[in-house]
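Here come two complexes built around chain A, the first alongside chain B, the second alongside chain C.
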Partner chain A sequence: MDVNMNILEFKNNQKIKRADIPVMDFESFSKKILPYEVRVINLFAKKEDGKNRLYCIFADDKNKKLFLTTTYVGESYPSLTSSKPCLHMFERLIYEETGIMPEGHPFLKPVRKQDGNTYKFLESHDTQTHEVAVGPVHAGIIEPGHFRFLCNGERVNHLEIQLGFQHRGVEDLLKKRPSIQLAESICGDETIAQSLAYARAMESLSNIEITQREKLIRLIALEMERMAIHVGDIGAVAGDVAYSIGANVLGVTRTLVINTMLELSGSRFGKGLMKFGGVNFDIDLTMRTKILNMLEEVCDRTDKMVEAMFAHATVISRLENTGFVGKKKAREIGLVGMAARAAGEEFDARVFDDYEDFEITTMKTGDVYARTYLRYLEIKKSAKIIKNLLNKLEDTETEINNKRFSLNLEPDCFVFSIVEGWRGEVAHCVMTDKNSYIETYKIKGASFNNWFGLALAVRNNQISDFPVCNKSFNLSYCGFDL
Partner chain B sequence: MLETLKTLGLQKNQLIKDIRTATPKDGFRGLPSIDINADENWQECMSVCPTGALKIADGEASIDLGKCTLCGECARYCKNDGIKFSKFHKLGAVNREDLIVNGELNPIKCKEEIKKFFGKSLKLRQVSAGGCNSCEMELNACSNANFDMGRYGVDFVASPRHADGVVITGPVTKNMAKALEDTYFACAEPRIVIVVGACAISGGVFQDSEEIDRSFFERHKPDLYIPGCPAHPLTIINAILDFIGAK
Partner chain C sequence: MTFLTVLLLPFLFIGLINKMKAVYVGKQGAPILQPYYDFFKLIKKGEVLSDTSSFVFKIAPSINLACTIVATIILTLLNFNGDFILFSYVLALGKFFSVIAAMDTGSSFEGMGASREVSYTSLVEPAFFIIIGSVAALSGIHSFRNLYALIQTHNEIVILISLLAIFALFMMILIEGSRVPIDDPKTHLELTMIHEVMVLDNSGVDLAFIHYASAMKMLLFSTLIANIICPQFWWAYWLVLLVIAFLIATIESIGARIRLTHIIEYTFVMISVALIVMSLVLLVMHGGHIA
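Entry: the complex of A and B
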């Protein structure tokens, strides 16, 4: 039998009848998704009519294609992680959520679940090795997570990251009472990306087509979010290597972007901008000028500051060759988004989106330097994209619609929505049941893939370089814990 | 080095000189008010609220700022301006019931003993217990070169041992309940509790979640409530300054 017959190629945000979702036997399923070139975006399990079904969504990034396939398994199946390490977290979550056992998984530890202090960290019985425990409450104002280092002197041999402290049951809440405000709070620093993925999935399931103008405004907001966070994060990296002027200047440069976001949407993070069926706020001529002025000011300041920063020997010596994750390793462990592109991986979920002639920006070295400098390149690119989008906005309808829609989901459907947030892909997968209720809501953010990348990046580095490695990834705790 | 010195010019005019009179940019959604006499479908307005913050019945109307995410959804549903969001941003309160308002908010009254202890120096330990990182980022912004809360002696510190109290964000997840309690007790007495954001005050959009555990607040009553989703830095700083009686 031709394996390809049982794979569904689909478009981003395309509504699919659940009856049309293909099934293949487990052997062909694993043969299909295990090859090195296949990039798995999400792998999850659900119980359907008393049977366990594995769903796999994967991408052929080069040809800009998305695929879906499924298979049925029993109470256990042979783990795929040993052949494809990047699946390790997906399989841990499958076991945690459904009890289906991936036989032979190398470390089937909890993902989000916590029962007292039962988490078993890797231990070392070497007398030269000491442990450093950090968290869940950290020194700064950040979210909670626990880091356990095994160190030999100053050198980190191993880092294990325990998460789940932020688990709020977002997916269950979205099933019971879907709302855009909840989607905005999945992860506050990715407000636009998360609410956009939610809105698009729901619109697709409700057969709502939004106007070109609204599509453009959404993308402008998405790029503004990217700029704001990247500017702030370069500043944060500067702060961590004691280059205070960089931290100060870029910290307040970020303010310019988010204050413009406030003028647009009423919130510095863009909360309230997105609505189910479009956007709540229009970009009129005054707003357009404000955004253009902001872009000019931000780019000018960032250019000057970043140039000075990267010309400074003490900064460079802290960033170069620190926290290295190469291209091969990145693919093996399934890094996504900005962190993957910094290692030379060429994929970006914006190719599945409404951007025209989108070109992917990458760096090669995969160290803190690359992850920081790539942010700078992305800031410049976002500014350019926003200008283009603003120009296109002139050719569209003169106003947005103020209509309010109510959720009217089509029964027995599947939709997959992927958005490139500033960290990387934000992928929402929604399935409705026969009564039009949401039966499954699966969210996967870039942090789900990338936390393990951070753990590998700090190996053989000084423990004092952990903060700067951490900032260069700047991963989300709540985006992982949900 | 020379390049770095040149960038000093970029530092100018960043500081907000007077935090007490500064206002957020236009467009900010602040204190809401309800005109009960407006011709609206109030049932529908209440039903669109994601957190159930609106109460309109028998000619009485109120919004619970402890629940309100200031999303403005109700105002957009109103056809005749029945609900409006003003630009007013000083939304803090020392009593939970003071947050249930309609267009007017009682100013924070500073207690003498608070002023005596903390009036010139307040060190806080922040605990994110399920916060989505937007309130956390706004709390960070309070100390940046724009807002510079440190000039009033108010700072965030790394250790609870150095802190006069905790600032809590997020709805308090089950998985963070113990760590929050431990951090609270690690602070020296007298210790204060400040809750920032709709999630921390009431559970916000997560109030119906089975994964949260808000029993902390049954044992320890917050001393200061700062609403928002997220709370704006000017809201946060002004509330804290009013609370400690700073000018």
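Entry: the complex of A and C
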């Protein structure tokens, strides 16, 4: 892509003066973000000096570049969704939060607000079609979400997902009282990824440089989180197809990883590990051996179990050709993270991170099988990465710093921090005002993009296959509702 | 003796399966008597009834249980011509009530479950009658006693017939008892359930009755198998039950559930086996000569 004056290329976690943020006119803006190879990471609107400004952060994944541009719009603007469907969620959110009207948006339903009177679910007047409503209270102990199926017999014609039951106003809370504990609680299974994105953004804004050792420990924790959840999720997929030996063995194996995390940080999910300006706990020699032993044990068990599981005809027949989202569809609706890589999309936010020689793992088929098997491949890769990082850890300074830093943000700055959590990218975008307060805090997790992918995946599938499709994505409710 | 076993020990059978399953995957598992504890816990509990459901919903579990007990009496205590026909239709009556009770709730889940239950279990009936009917034709005894008579006939083909009949009956147990690979008794996922989703609205005593009746049904079909294998010795009956429990636990532990659309193929296998039984019976009766 030609980088002209109106698009700013920047680095992950780079602090940018807000005065340096470029502005384009709307027409060239819409032309710039429409091309196929540009992947929009976040698009949001903000009132500035009485004018509505659209911020767009997008990536050129092939060349590992991040870009930022903005444009001014009035109270309404011609919707971009019709020409770039992956923007539909962003525009719905913009309308819900600011009231700026994307003219011609095909389905302008609120994202998090529940207003059943104004915004009806899609209905069918076909006599063959019946509705099945699931949730927000479920039979299992899971988070609330409402799923409305339009079915013809056992076949799903359409699924509409209504979320927002968990909306806590995280973004507003982070503006008023930014804290690492709050960032850790954005989404329980992405604790490390979310707190890492928060910490990096805040450190960048406060001009704090952390040591190499701390950087490595953070990445080790991030990869351990990825391993733990992936192992658990393969087990959960096995459980959903009633393959109980897989569910149990992998469930136990996951415990090995999170118990090591417990020994490292005092929390099985890594809460309390990250701090503003470093990490709270060091990986000493005994901890290092423990992690290495754990990796060996986990890889061994996972290898054996996954091999047995994927050699089993009944399991394979449940997973293959179920919940298919192909590469073209994935690109069109803007799938991200693991689900997109399972469909053959080649991007991973780890290329923007401190990993060395990072190679992207993908699958081709885009069905439940691909999403499950990709998890296995990522487990193996994470184990390898952790080993490398542990080796590098030996060459660094011997201790982490125990200093407490106070939040001392630079005024009028913008920072964008992207971390590849296990589910997909976690993108935090922070802007400060002239008094050094946080003016805007925008969080976008992979669930924001991928819930719609789930809705498409179950189309023309059996309704009884919905749970296993759902588990293969394993999206977050609270990470979406914020 | 058999009557009391089927009446009193169905939960032991279920508990045994659950225990074996737990051991299979390396867990300690719940106590073998846990289903009894659950049953008595449910008996003590109150009920929640939805406003939209009618008296049908209220009486169905009791009728279902009553039908299952009557079927037990027919199989174990009584003996008359055509008793297997009554047996089958008394069970069908019980199922009819549980299905209309599920429809009565008006919930989209339960209607879905009812339609699944009917479409899959209705295919058990032809297989059952082909097998029992063929054996009746072979032995000339038109009651369940023909199963006892089967083993007395010393003929190689009859052994083959017995084996195939046992195989088909075992497949029936998995369907009637809602076990893997047809249904997953452990799942909490409403959308995949067959039997469980029909009873989502039931609670308290009614739920206890439903669990009791479905456990009893599994034991009833197992008793049928035991009758074919070894009707003379009481210890053989227990041994057969143990083996069946072990087989069910094994299947549930090492295999996945089949896709809902493929259950129809499973039932066709069952019916095909029943038809082979019939062909073999015809072969024996006519001595391989075309009449």
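Keep this in mind: the second predicted complex is superposed on the first by the 474 of 482 C-alpha atoms of A that agree within 3 Å, B and C clash if a C-alpha of one lies under 4 Å from a C-alpha of the other, contacts with A are read in each partner's own complex, and residues count from 1 in each chain.
Going forward, a residue touches a chain if its C-beta (ideal position, glycine included) is under 8 Å from a C-beta of that chain, and two chains touch if they have at least 3 such contacts.
What you see is a predicted model, and the numbers here were worked out from it, not measured in a lab.
Within the superposed three-chain model, A:Glu154 lies in touch with chain C and out of touch with chain B [touch as defined at top]. Contacts of A:Thr432 after superposition: neither chain B nor chain C is touched.
One of chain B and chain C touches more residues of chain A, and that partner is B. In the superposed pair of complexes, A:Phe466 makes contact with chain C only, with no contact to chain B.
Of the two partner chains, chain B is the only one touched by A:Phe269; chain C is not.
When the shared chain is aligned, chain B and chain C each come close enough to touch A:Asn248.
By the touch criterion defined above, A:Asn259 reaches chain B but does not reach chain C. By the touch criterion defined above, A:Met305 reaches chain B but does not reach chain C. Contacts of A:Val134 after superposition: chain C is touched, whereas chain B is not reached.
Of the residues of chain A, those at positions 139-140, 243, 245, 248-249, 252, 312 touch chain B in one of the two structures and chain C in the other.
On the chain A side of its complex with chain C, the touching residues are 130-134, 138-140, 154, 238, 240-245, 247-249, 252, 312, 314-315, 317-318, 462-467. Within the complex, the chain B residues that touch chain A are 1, 3-4, 6-8, 10-11, 14, 24-29, 50-51, 69-73, 76-77, 85, 125-141, 144-146, 156, 158-160, 170-171, 173-176, 179, 183, 199, 204-206, 208-212, 229-230, 232.
Within the complex formed with chain B, the residues of chain A that make contact are 112, 114, 136-137, 139-144, 164-169, 172-173, 176-177, 179, 181-182, 185-189, 191, 243, 245, 248-249, 251-252, 255, 259, 262-269, 271-272, 280, 301, 304-305, 307-309, 311-312, 402, 404, 476-478, 481.
Taken together, the chain C residues at the contact with chain A in this complex read 21, 24-27, 108-109, 112, 180-181, 184, 186-192, 200, 252-262.
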